[in-house]
Amino acid sequence: MPKITLDGKTLEVPAGTTVLEAAQAAGVYIPRYCYHPALSVSGNCRMCLVEVEKSPKLLTACSTQCAEGMVVSTASDKVKAARRDVLEFLLINHPLDCPICDQAGECGLQDYYMEYSRAQSRFSQEDKVLRQKRRALGPHLMLDNERCILCTRCVRFCSEVTKTAELEVMERADHSFIDLKAGKSLDNDYSLNIADLCPVGAWTSRDFRFKARVWFLKKAPTVCLGCATGCLAEAHHNEGEVFRLMPRPNAETNTWLCDRGRMTYKALRAGDRLTKGFIKNGLIDLEPALREAATRIDEAKGAAAVLGSPWLSVEDNAALALLAAAMKTEHFCFDFKFETGIKDGILINKDPSPNAAGAALVKAGKGGLGMEEFRARLNSGAIKLVVAEARAAALLKEELKASGARLIAFATNRADIPAGAYATLPYASYFEVPGTFINYQGLKRAVEPAVAAPEGVKPLWEVLNKLAAYSGASLRLDSAADAMKGMA
Amino acid sequence: MIEFYEANKDILLFSGAAAVKVLLFLGGVMSFTALLTLAERKVSALMQDRVGPNRASVFGLALNGLFHPIADAIKMILKEDFVPGKAERLLFTLAPFFALVPVLALFAFIPFGDYVMVFGYQLDLQIAEVPLALFYVLALSGLAIYGVFLGGWASKNNFALLGALRGAAQMISYEVVLGLTLVGLMMIYGTAGLQDLVRAQGALLFGFVPAWGVVVQPVAFILFLVAAIAENKRTPFDLVEGESEIIGYFMEYSSMRFAAFMFSEFVEIILVAMLAATLFFGGWQVPYLYETGFILPGGKALALNHYLVALLQVGAFSVKTIFFSWFLLVVRWTLPRFRFDQLMGLCWKALLPLALLNILVTGAVLLALGKI
Amino acid sequence: MISVKKVNNRPLNLLERIYLPEIARGLAVTMRHFFVNLFNPKGIPTVQYPEQTRPLPGNANLRTRHRLKLRADGSPKCVACFMCQTACPAYCIHIEAAEYAENSVEKYPAVFDIDLARCVMCGMCVEACPEDAIAMDTREIPGGALTRAEMLMNKEGLLRNLPGEPSTLGASNRLANDYLEGKK
């Protein structure tokens, strides 16, 4: 356990800790471009230079391990001068096209220039060495070599995290630039992380490109609902519109976010959002649709069934269980078993649903049939009508078709409506209402609403409440959390 | 049917004639009131080197603002009819009627012409021939206080109540003066009926001066004018309203309820103008015009058709009314507002003694002339 | 210390104290104005805005309605950087950015709306613009509209060069100049 002195404070750190990490733990921020906690140390940007006593030159904090008795200064005049000089060096050939750069507002060059330099450039605009401007690399990314500071975070990400190694630094010295290796294309499942990693505007997301300025964006903590991994994420939104999903790095689950997960927000404004009820093939207003659905449920009486869904939050599953109780039916099922586990060794799960564990929690609290039993009853014709969320209903596509049971589904988008559904009712997406999800590790993940639901679209528990009211029962729900009463 | 008509001929004819007269006269007054709301804004504008309202237009035709009264009326009707939560609902609703109805009722006694012969019947150009009309005028104008006071009190608003209190004090005070100024007239003409009063003013003094009220009672005329403006609650006596300080008794009123208050104020202007014309400027009298035509002091005569004479007389009355309405507007936009103590001082310390003195002098002169 | 100034007003004489002559004098003034204006309405100094406007003096130096400047090839100088929208204290600017497929400038405003009904004419947008693309020198004073829609200026309405423009340079933007050079 070496002891070091950092800016006059004595710290004891585990052996092998770098100066940068030690400073970070002590709350001293050292500027950096190439250093990233999840990538190997490269030490090429020189931004993290610190002064160490008895060392003839300044040392890079990211690659210097703490040693006993080390006296480190992160704010001496020498360090400040070094930072200023490094920034001037990095900015020599920078095109200064911030007005058309998406990174503006979250750009390392802008931030550090204002924080550590504020120096006038000694190079005129005409003297700058020009490089290749934007070009699309892969389905998600745009590369602008002129803005690049060659920190190689992207190169290291591709070789160390995805292990696909598509990127390389080409040429040498002043001529060097980032490019694709011959014969490769940048289409791995995590490529959008490169746009986050890039400290400058060299890599930008094609999806987010020119959509919004980052300083307008507000952040809402959410969870990626793309699979059972349940990565923590952040929805960036403004004026009722979600613009992008970013990872919320955490020790338990994720540092990154996969490309497919990042695109899940698109369903929100996909243009096929359901805002009205859908009976057979025609749109009708929500209230008559609810009345119609309630009439069919009343008709089926004991032969009506309720199916939970691993795509719904725990609260909404519990509300479905309450609906089953209100319908006085024996046929309800919250039993979903998928093979879980990380498929590709990084983040993507074998289980495509985000909340199978949450549905199991409801099963533990409220009982219900096993999936096999439910299938069997459906096949035997004991069930005449199924109330289910659209994607869960799609799991029983064959059985529903074979038995001819009526399906009353809940969906957010038209594309989700299962073929042959009798009635479909809209509900608000989990970007619009809060909810709890349980990932494959059994960790509870809360979703907070980022934007408001389209007009007329209600949370699922409210839809169920009304549906029950139309068939003469009451679920007594005033909020999503009410459904959880009497459950762990 | 016929028998019924024959049996009740007089009452039926009287009722029919009265209905026609009410419709025509009140209709004329109402439309003149609407124009007066525009006139007030236009006159004030011209006095202040402005153009005044000229934007309301129908099919692009603005007619220098002639449609503004209609636009105002539509706006008033469409406004939210607001009643404060703590207001006395019944009285709050009644107050505008109390303000408007007595004022409108007063027009029944005002003679707007002498008479016309219609199919052999003599039709008096006055809605109700009442012997003691002057007392009715005073009594009904006294009722207008209820509108002001109930409106202010029922609003349950401090400022409205303040306005109402001021209004009550002011109107009661000036009513005394108003009544006393008319005593002189009654003494001279020996009647309290308005039609008789006007007819009496048709006489000539010294053979050539029309015996109008203003000639025989000049002081009473000025006192009457001041007291009438105060009774009307208009500048310089608009402390009841006092836009810059308390808004006034109708502060909580909106929509048509407010319109009723405002309308009553303008109707009162016409009423004051008509009373001033009737009492002091010979009403429908045109100098030297008699039933048969003009007879000038020199003895020259110009015979005129009966209907032409009636038309001239009604026209004269209208011109006098319009002139006094205009004059009241000019006064309103010329003089600044009194302070409340000045207002009361003026009434009790100046106007009241003057009015009493006027009666005394009138009596003395009449005694000296041996008319009593 | 409050300084006290004693004003010795001339005491009112009898005629003034009985009001009436003074009231008559006042009435004479207002009536004179009334009749003069009644018979000579042309003498009233009112300007019937917005049908009539008074011309701005030639040396008037003021912020007037906005315009968006054009490059030599007719494309807007604006690159939709949102600086003006960010600087605007009245939230009256709405921009939606789009991308040129070939043009090296990359970004342009697909939508550029200024709600003049909200604008406070502060000129912050002009100050903020890094491309010298927006200006408030049209010498047109906005206002006098009957509907809100009339006060909303869109990109087409804003794009305008004054006589003497366009300059030979595209903007302060190097990319734009490269692009214009390449087009020659």
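The first chain written gets the first letter, and so on, giving A, B and C; residue counts start at 1 in each chain.
Criterion: a residue touches a chain if its C-beta (ideal position, glycine included) is under 8 Å from a C-beta of that chain, and two chains touch if they have at least 3 such contacts.
Just so you know, these numbers come straight off a predicted model, no measurement behind them.
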item: Centrality ranking, top chain (CA atoms only); value: C
item: Per Cα centroids, the chain farthest from chain B; value: A
item: CA centroid of chain B to CA centroid of chain C, Å; value: 50
item: Chain A and chain B: spacing of chain centres that average the CA atoms, whole Å; value: 80
item: Between chain A and chain C, centroid-to-centroid distance (C-alpha), Å; value: 46
item: Where chain A touches two or more other chains at once, by residue number; value: none
item: Numbers and ranges of chain B residues touching at least 2 other chains; value: none
item: Per-residue multi-chain contacts in chain C, two or more chains; value: none
item: Residues of chain A that touch chain C when the two form their complex; value: 95, 97-100, 104, 125, 133-134, 209-211, 213, 215-216
item: Chain C to chain A touching residues, read off their complex; value: 79-83, 85-86, 97-99, 104-107, 130-131, 173-175
item: Residues of chain C touching chain B in the complex; value: 20, 23, 26-27, 29-31, 33-34, 37-38, 41, 43-46, 48
item: Contact set on chain B toward chain C in their complex; value: 43, 46-51, 222, 330-331, 333-335
